[in-house]
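Would you mind keeping the following structure in view while I ask a few things?
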Amino acid sequence: MGKIDDYQRERERLNQLVLSKGNLEIKRFFSLDSQVYRPGAIPKKYKEMLGLVASLVLRCDDCIMYHIIKCHEEGVTQEEFNEAMAIALVVGGSITIPHLRRAYDAWDELQRTSR
Amino acid sequence: MGKIDDYQRERERLNQLVLSKGNLEIKRFFSLDSQVYRPGAIPKKYKEMLGLVASLVLRCDDCIMYHIIKCHEEGVTQEEFNEAMAIALVVGGSITIPHLRRAYDAWDELQRTSR
Amino acid sequence: MGKIDDYQRERERLNQLVLSKGNLEIKRFFSLDSQVYRPGAIPKKYKEMLGLVASLVLRCDDCIMYHIIKCHEEGVTQEEFNEAMAIALVVGGSITIPHLRRAYDAWDELQRTSR
Amino acid sequence: MGKIDDYQRERERLNQLVLSKGNLEIKRFFSLDSQVYRPGAIPKKYKEMLGLVASLVLRCDDCIMYHIIKCHEEGVTQEEFNEAMAIALVVGGSITIPHLRRAYDAWDELQRTSR
Amino acid sequence: MGKIDDYQRERERLNQLVLSKGNLEIKRFFSLDSQVYRPGAIPKKYKEMLGLVASLVLRCDDCIMYHIIKCHEEGVTQEEFNEAMAIALVVGGSITIPHLRRAYDAWDELQRTSR
Amino acid sequence: MGKIDDYQRERERLNQLVLSKGNLEIKRFFSLDSQVYRPGAIPKKYKEMLGLVASLVLRCDDCIMYHIIKCHEEGVTQEEFNEAMAIALVVGGSITIPHLRRAYDAWDELQRTSR
């Protein structure tokens, strides 16, 4: 599971570094960043899809990867994934296509390895 | 219903202008833009919330206004609205706050006028 | 000729202010900004279209207005305008539509007032 | 003191609205947003200049206005203002010029009204 | 021809994946994305330059690479390339410089390998 | 000193290429880009911090790396670095976190290798 595993290990290593060196405000931001995705009036699955679409239109590969893994864990289907991607693509335009390609690649890897 | 009515009238006038002057590709894009929000595997309500969060992180007031009206039509609750706004705010940062303020203003206008 | 005249008068007033108060580096930047649109291997008309498309995908209404006026002066046709707008729309996505609408409005004003 | 007063009154009104309607995460973000500009190892004046340059390169007029008022309160000089603006202009490019113009307009209003 | 060949092979592989898994709206977008660059009132060469400048100011390396290859196929000269790059650099600012560097690297590779 | 050395060598190689192939306007821009960071009313150290925060909110890894090296040369302390990063994170939101992580990684490498 090359790319996704590599991503997760590096992400973990660097999060540790930021949290060990960073100040209180940075720690508070990281905490707030996890609070907003907790299940609430909007179910967890849709919150992760909100995070995914926001990440795609802002064109951040690492953020896309993170929310794709979460969407997969929450049982997002291929059809739901396609519909979210189509919205992001139309909103963000062809400039998002390279990120869309890598998103489908990661999604494909997750589906193949979790069978 | 000042701001929202003004927005809708101007939007309608200019859409007519673009569609009367624009070429086939522009018309196709406009058509595609409405197709991706149709109900599917993802319910209409959540598609509009995806559009809203994407618009907020990309900081486009007109796009925010459009999706807020649609979210309101789809029965999005105050709690759901808050949770979507909180995700957008954390993803997009304080640079989105002026747009967040105007989003709450429009949402408030919709709630007061639709009672 | 409301909007375009207002834009040009305000732009002129504020450029004077920036150049009277700003430092040497700011003046050099303003000078460089006019140099790159001078006719060269790429004809002036296409340079203005490059500026227009860049302004649309970056979603800056004032910059769009400026290059639309220049494109109009350079004799850009309706068909050329449409094709440039279609590229910008596809590259930049639906988030550019509010700016596209205002671009067609300004273009329409220029065509009506210059007859 | 037209523009700046109007800006501050509207900002205050809408902040009240967001904080009365918004959820805990939104309130925490607003709190964090004021914490990071408190004096620390970096003096308050330079923190406001960091906020100003970030706002200019991200092209947010309201954010620029906010930090210009704070820079003025902290005693930023014309020369310091020019140097910060020049960095922002070179980093962000000509697409920031319309915001730069309005920044100089606000700065000018602050200087004239505070004499 | 290292970097360009690698880019093209990976792009092709992932486009296949997106088109085999994606829905109708995504396919329509991909189709529209190729339609807007077809020769029309604006010659193909200038359409590719519009795509290139838009990609540079939006800072997307893959999109830059794609349009550089197309510009090279359309016979864009070194002088034309420089002038387009200069406009993009001034519009987008120093934040585009890392992408500009890689653009010149790819352009150089194309010129050396096509002799 | 892997990543930082690699970055500096590649940056140097490509700068040479751009300056040997590019036109006068590109050279003038590069010159202007170094002028704005010269010591003035704002001390060099704070100018580099302005460049760093601008680079983080605009999410450009190469630009972040460049200004981190300069900040380190100017004697920026861990506390100052944290405060600048916290401002950038709050302004730019969670979408900047992958860049923030790599910024802390580069900063850590600089501190370890310069002891």
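Residue numbering begins at 1 within each chain, and the chains themselves are lettered A, B, C, D, E and F in the order written.
Everything below uses one rule, namely that a residue touches a chain if its C-beta (ideal position, glycine included) is under 8 Å from a C-beta of that chain, and two chains touch if they have at least 3 such contacts.
Just so we're clear, the structure is a prediction, and the values are computed from it rather than from any experiment.
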Item to check | Chains touching both chain D and chain F | outcome: A, B, C, E
Next on the checklist: Along the graph of touching chains, what's the shortest path length in steps from chain B to chain E?
Outcome noted: 1
Item to check | Pair sharing more residue contacts (C-beta pairs) when C-E is set against B-C | outcome: C-E
Item to check | Residue-number overlap at the chain B/chain D interface, same or different (half cut) | outcome: different
Item to check | Furthest chain, CA centroid comparison against chain B | outcome: F
Checklist entry - Which chain has its C-alpha centre farthest away from the C-alpha centre of chain A? => result C
Item to check | Chain centre separation (chain A, chain B; CA means) in Å | outcome: 23
Checklist outcome for this item: Distance between the CA centroids of chain A and chain F (whole Å) is 27
Checklist outcome for this item: Rounded to the nearest Å, the gap between Cα centres of chain A and chain C is 37
Item to check | Multi-partner residues of chain E (at least 2 other chains) | outcome: 25, 29, 32-33, 36, 54-55, 57-58, 63, 79, 82-83, 86, 89-92, 94-95
Item to check | For the chain C and chain D complex, residues of the former touching the latter | outcome: 11, 14-15, 17-18, 21-23, 25-26, 29-30, 33, 54-55, 58, 60-63
Next on the checklist: Which stretch or stretches of chain C touch chain B in the complex?
Outcome noted: 59, 78-79, 82-83, 85-86, 89-90, 94-95, 97-98, 100-102, 104-105, 107-108
Next on the checklist: Per the contact definition, I'd like the list of chain D residues that touch chain F in the complex.
Outcome noted: 32-33, 36-37, 40-42, 46-47, 49-51, 53-55, 57-58, 63, 77, 79-80, 82-84, 86-88, 90-92
Checklist entry - Which of the residues in chain A end up touching chain D in this complex? => result 25, 28-29, 32, 35-36
Checklist entry - Which of the residues in chain B end up touching chain F in this complex? => result 57, 89-96
